[in-house]
Structures are given as structure tokens and as C-alpha cells.
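In order of appearance the chains are A, B and C, and numbering begins at 1 in each one.
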Amino acid sequence: MTARLARWSLLLLTIFLLAVWWPLLKDLLFEYRYGKTDLFYSPVIERFVYKELLGEGHQFIYRDQDGTDYDRETFEALIPFIYYKNMELWGRLPLRLAGQTFDKAQIQAERQVLELEPVELPGHAPRIQLFPLLEANPGRARLRFPEDIMRPGDRLTFINSDANRIDPELTRVFTAALTEAGFAWPVQASFGRVSILKAFDAGYFLLDRTGDLFQLRRVDGAPEVTPVPLPDGLAVRHLKVAENKRGDSLGLILSEDDRLFLLAQDEDRRTAAELIPLALPGYDPDTMELKILFNPLYRTAIYSDQREITAVAMDRQFEPIARYSRTMAMAEPRLVDRVWEALVPFSLDLHDPNGRYLRLSLDVHGPLALPAIGVALIIAWLLLWRRGLRLLNIAPSLLLVALTGLYGLIAVALITPETPQGSAGADRRLGRAPVPGQANA
Amino acid sequence: MMLFAIFLKEWLKVRWVWLGLSVLHLGMLLYLYLVLRHQFRVEHSEMIWYWAFELRRLLYEPIQSLPLISGVLIAAAQFGPEMIGGRFRLSLHLPLRGDLLVWSWVAFGALMGAVLALLDALALYWIVGQWFPHEAAVSAVRTALPWLLGGWIGYFGATLALLEPAASRRLIYLGLSAAFLALLFQHRGYQEYDQVLPMLIAIALLFIPAVILPAHRYRHRS
Amino acid sequence: MNAAIRVEHLAHRYGRRFIYQDLSFAVPEGKVVALLGKNGVGKTTLIRLLMGFLRPSAGQCRVLGEPSHALSPATRARIGLLFEGHLAYDFMSIAQIERFYRPFYRRWRRELYYDLVDRLGLSHDHKIGNMSCGQRSQVVLGLIFAQDPDLMILDDYSMGLDAGYRRLFLDYLRRFLDEGGKTVFVTSHVVQDMEALVDEVIFLQRGGAVKQLPLVEFRRQFRCFGFRVDGNAPPQADGLIENVDLHGRAPCLYTFAEPAQLAAHLETHWPQVRLGDEQPLTLEDAFIGLTGKY
């Protein structure tokens, strides 16, 4: 009895491992080379243009939303703010567009990219909740990391990194400053950008117990707290801090109901000002990567999951002008994808494309896998029958193959049933009937 | 009493290997301690904290294969002598159910491994806690949990392969164990197994009933 | 008669090669029975089947009333096994191995173990791995005695033992058997040792033919005669003549028949043969005479 339990444990283990390795193996053997489509809004023709890799090698197409193809140079000239360095090389600067002239310095000053990826969202990746609060006014060109780290909690604890000990004075001062500003403890969430390679430091944004948001900076060693004016009913899910030279925004705020806002900045003080809503239809922050490209004329939000890519072109006030969506070439299933899926009824995905956590997500392949299950069943039956097992004995194994297809077949072939009558079970192979009078079946 | 006798025999077999492993573990942990101490002497502490928290560098990776090695060696010390000259037959003739006997063996082996795993976890917590805040020490232990599970897989994989009489089946068991092990070292940073680990542990428990099969096949070869 | 071991229509094969196809015999309770046979007739396989480490391809193998490959723990406790080469846990000491086995057996007789082992004059923490073959055989025998089994299956106890330790082994075994009620099934390469030990012998021959008879019967009935041949057509084994040996200096033939019966048989079937004198036989001679030299 326990031997049977043992065999079934091994069968399940084998099937589990096969189901996890099946997609990993495909990635290993048939790595996907085609990246995502590059989609832009052309200020020249005021239409969306894109660049896409169609197949192996360098089969790029450069096309606009109406299907007109361009050569590479023409394409790049359609998005001159992106390729402004090429434009300079080709002697096409300053640009003349919409009745305005743009030279290199102007373009550079107006360019900016804001990004938000699913993996950055809270819960999509583990993060030790300790953050360095940089000196916002370092009095020198470069920012530097402080010798203490901030632990948000029932109070704001500072831990000295040299001594690995709490700094009671800093803790008291910063906690008191937040309390004074009306912060309701404990800290629910903290948002900031841990880097010294940035234009300046906007500090941390701390969400309090009641859902209010506070910006905390360390200015000349002292706390500076700025409440962020949230619109009524807005529950903050995430805040992507992105300090930049342009100086009109501090980053992006994502609400619990997946609305996205640009967090404007008070230009003089580098503190948070109002929230500007962005109308991004169909945007799903949990599965889509988002980019907002700034140029002197437009802002373009481009967001995509593994299938669809959408771009919304906006004017300088973030009012939508045009929108375009298309299914990316990479979403077209390849033959190997189809075959791989059809061979097995399901697979388990270990890696989450939208997060750092490993998980086991079941991917059921549906009726496409039925023919392969049928073939697996026949082979399994032949295999077991040749070992001299009767239908009643092999029925559970066959049921397993019916449910798990090729996985089950491989498992049953590797971990064959123990023949209950000893080697007499192999008699069918020898064309001999087992000797009667078995006492031990 | 019987269980005590079984444990006595297993202890006699594994004691030197286990003591050797204990020394190896303590040595590796001491090495880790010294490496970290060295790091904090040559680098600024806030930079190391930045690597650890933001860049997700695992400063305690030197110990990641320690549990695996220990699992395999404990299994080899336990079941190697049983296989030499077919001594396993001596045990199978004892007036005791074979499955209970094998389970008591692996219970003992797992216990020996668990002691080392506990040592690793506690020492890792303590060592990391010397230079990092409490959160980081907890995170280090959670990050090391799949490595500890690797010790379990290594132990049972080696046990299956050693008890198994047929060479081809032995390869299958080793292949399965290797396929499982490879799933446990896919991290690119800390705590990435937090969500999937309970599931992996549940599946790894299948090894407990599974070890009966090679013993059964050894007993009932035809 | 109650049988401690009963083998019926046993067949076993490795791959396609059958070792035996229809083997039957029984070992009566309370008897000492030796299994004799030349190399390669399947003695080891038969012992493995009886010890329960092989499953028969067909037929039955019952030991103390249970199928040999599925013995209950209670029945296993009543069977003492001596494995080929006096297999024991090398990593244990004299005291440790006794301490290990003791809790498994209700009838454990510690004094029998130490009675035997103490004669070796070794300290109790002497490792078995550091012993000679002979010393180890004493330890293993002591363990089997202490177990106080009803049935002992002793596989090639003489392997690796010199004459002294072989004799010692037999002496202790016989003394233990004197207590009565024990069944022993034994194999050995040293046939003459069996003379003073066994009640019955089972000759296993190639292809699975089996001949079982009391040892005294075998010694009384099995005869060897010298002969001469007129011409060059020597007699051959034919049922009445069990075997003809032409390898020795003087040719001889073996039979279970009475001299008169043999003479009549030769007259009719092998008239060219001139029967000589009956030769004295040791048990080993007789064994070889029956099973042949090759």
C-alpha cells in the first residue's frame, strides 16, 4: 500500500517538475528575439508612427498608422525630437514645426521620459522597508547617501549605518515634525527614489493611516514636511518619484482605482504641487509598462502589455489630441508557441513578467491539447499493456495521463507500476503465460 | 525502544560526517562573518546598505549551497553503508514494517539536517544583524529558506538514488531532484521566494512517501 | 509432517533464462537440512527467494507458513538469517551491535551472544570492521543464537573461515541445536562438514532437478565401483548409473543400486564393462560422485 502511495508521490512530483520546466525549456530553446513595438507620435505628420521587428535578424519595418512605409532616415526625421542628434548631424536643426523654431538647446531642455513598470508597484516585488533620506541641499554638485537610514513605522526611526544603532535625536526630530504637520501614525507606505544620480532630491512621500500624503525632505539636516493636496476620494496606491531637471513634475501618482496623475512640482521649492489627471483608456498598471515622452510640443503616453500597445498624444496641458492602439508583432504566436502549447494540457509559470516574486501560475492550454492527450493515452496504454498489466491495474495511471497528457505519459514511463506478480508480469513480452498458482497476487 | 535502536545505528553511521559538516558549517559561517566585517571596513556602511536594500545584492550568497551539500552527504553517510555488500538486507529482515523502518531512517537524517539548517538560520540572522538593521537580518533568513529546502531535496534525492537497486531508475531520481533543485536557485534578489515557497515545500513533502518505493523495489526485486 | 519451509512448483528466471521451472521440496520442522549443489545451479537464488529478497516468477515459497517475500514482522522475528560472507554492520562494536538488535526480539538471549563472543577475548568496544572473518562469524552466530529463532537459514557459513573457525562454528551450532526444536536450512561449499550436522540433504542440480533424502540413507545407498572396459566404449549415466567418472586414475561409476542389481543392469546394457570393487566414499566423494566434477 505504501509502495503505491510512494509511486504516486513520485508521479505527481515528476508531473509538477515537467509542468514547471516545460515553459522554461521553451524559453531556453526558442528565445523570443522580437522586442516590443516602438510607437511614437510624429509632430511632423501629426500621426502615430512605429518601428517593429518582424522576424529573425534585422527585419525592421518603419510605418505610420495608415500603413505607409518609410525608410529608416525618413522615419527618424518624422520624430525629430527623439532623433535630434541625428537631425543635427544631417544639418536639419533648428527644426521648424507648427510655426515655431526649435534649436538643440530648446529640445534638450524640453525632453523628458517618465516611466512606470508593473514591477515597481507595491506588492510586485519584495522591498526591505528601510530608505535613505538624502540631504536635499547638499551644498555641492552631487548628492550623497547619508550615514543613516529611515525606518517608517509607528514613528520615523533613523538608524546609523556605521554603528548599526538607532539615532534617537534624528528619530525624535523627524517624528515630531511629521506629527506637527498632522501626520496620523503609523506610516502606511513610503515612496521615494533611492539614487544619488538624479537632478535633486525630492525626499520621501509618506502615506499616513488616514490616506493623506506628506512629502518629507531633509533640508540642511532638518525635516521639511509638505502635505500633498490630494483630490477628494483619491486613495494613493503608488507614487513614482522621478526628480528631473525640467522641474515641472515630481513623478506619477497611481490611485487605488488605477487612475494616473502627474504630480506637479512647485518650481521654486521642489515640493509637491497639484495633481494633473492623465486620461489613459485601457491602462492596466499591473500588467502594462508605461512611458510618457515629453517634447517641446507634445506629451505622449505609451503603454503596453505583452500584446497590445497604445499611445495617447497630448498637448502641453495634457489634453488628449489623438490615440492609437495596435497588436504588436510579438503577440503573433509563432509556430513553436502553438506546437508547445498543443503538446501539453497545461503548464506552470514560475516567473512573473510583471513582478520579482516567483510564483506558480497555472496556464491551461484548453481544447488545443486534446489530440496530444489522446496520443499520450494510446502510448501509455501500449506501454503498460506490454508490461503485462491488466486494464484494472492500469486504469489509475491512464486516468492520470488523460488529465496531464504528455507529462503523465513521461511520468508513467519513468516510474512504471510495480508488477504485482513479480517478473511474471513481463510474460507478455516473452509470449508465455504466467505459471498458474500464484499465491501472492 | 526499537526506535531508539534504529536511531543509535543511524547515529553511528552519520556521526563523523555530521560532525565534519558541523565544522564545515561553522567554518563557512565564520568566513561569512569575516567577509562582512571586511566589507564594512573597506566600504562605507551606507553604500553597502544601498547595495543590499536597493540593488538587492545578496552578501550572504557564499552559504547558499551549504545545505545542499550537507543533505547529500548525510544521505550518503546513512545509506552508503547499507548498500555496500547489500547490508540493507540485514535491516529489511528486522521484525518491523519496512516502510516504518525507512521512515525512521529518513526522520533521523532529516533531523540531523534540520539541526544544521537551524544553526545556519540562527547564525545568518545573528551575523547579518551585526551590521544591518533587524529587517535585513529577517530578510536574509527568508531569502535563505529556499536554500535550506535545497538541503531537503538533496537529502531525499540522494536517499532515493542510493536505496534504488536499478541504475536506470537511480538516474531518474537524480534527474528529478536536480530539476527540483534548479528551481530553488533562480533568485535575482532577496525574498523572491516568499510567495511560492509554501507551495514548493508542500510539493517537496512528496519525497517523504516517495522514499518507500526504492526500498520496496529493493526488497521485492524479481 | 509440518514443514518449516515448503517450496512448490517454484520457477525463477533472470530475463529469459530460467534457473528452475518446477522446483518442489520441503524442510521438515526440527530438522537440519543442507542444500548442496554445484556452482551455478541456483543455490544463491534459492536462498534469496527463501530469505524474501526475490519474488518467485511463479510457484510458491512458504516459510513458517507465510509467502517468503511477504513475511510478517512476527514471522521474521522467528527466522535467523546468516547472510553470505557473515554480513554485519562493520561500523558497530561488539556491544553496540548487541544493543542494536536486542530491542527487536522478544526472546532475546543476551547471555548466548556474550557467551560466544567473549571467547574471542576482544574488548566490547572492538569494531566489527576491524575483525577477521572468523571473529566476525562468531559475532554473527552469537546474534542469531541470541535471537533464539525457530528457523535458521545459513547461507554459506564456511565462506572465508579457516578450518579452526569452521569447526568452532559447527561446534557452537550443534550445541545450540541440542536444545531442540530448531530447524536449520544450510548451504556450504565444505561438504564434509555436513556429515556431523545435517539430518537431510537436498541436491540441487542444473536445470532444477532436485533429490532430497536423509543423509544416512544417502551414505548407505550411494555407492562407487571401479570398473574396466573391454574396448573403448565406457558406460554412461542412464538412470540406474548415476554418474561415470573417467577423470581419475582408475575409472569408476556411481549408483544408488544394490551391487547385484547393478551387475544385472550392466550385463544387459553395458556388457563390455567389467565391474571392479566397491570403493570407500567420504561425503565429499559421494557429493562429487552424484553431481559430477564439471
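Note that a residue touches a chain if its C-beta (ideal position, glycine included) is under 8 Å from a C-beta of that chain, and two chains touch if they have at least 3 such contacts.
Because the structure is a prediction, the values reported are computed rather than measured.
Remark: the per-chain Cα centre closest to the mean position of all protein Cα atoms belongs to B. If you tally contacting C-beta pairs for each pair of chains, A-B comes out on top. Work out the mean CA point of subunit A and of subunit C, and you get 75 Å between them. Averaging C-alpha coordinates per chain places the centre of subunit A 33 Å away from that of subunit B. With centres taken as mean Cα positions, subunit C sits 47 Å from subunit B. In subunit C, 55, 57, 69 are the positions where the chain touches two or more neighbouring chains simultaneously.
In subunit B, the residues that reach two or more other chains under the touch definition are 220, 222. Shared interface positions of subunit A, defined as residues touching 2 or more other chains, are 422-423.
Per the touch definition, subunit C reaches subunit B in the complex via residues 51-55, 57, 69, 73-74, 76-77, 79, 81, 83, 85, 87-92, 96, 99-105. On the side of subunit A, the complex with subunit B involves touching residues 2-3, 5-10, 12-14, 16-17, 20-21, 125-132, 145-149, 151, 159, 161-162, 164, 194-195, 350-351, 356-360, 414-415, 418-419, 422-423.
The part of subunit B that touches subunit C in the complex is made up of residues 1-2, 4-5, 8-9, 12-13, 81, 85-87, 89-90, 92-97, 219-222. Within the complex formed with subunit A, the subunit B residues making contact are 44-50, 52-54, 99, 130-133, 135-136, 139, 172, 176, 179-180, 183, 186-196, 199, 203, 206-213, 216-217, 220, 222.
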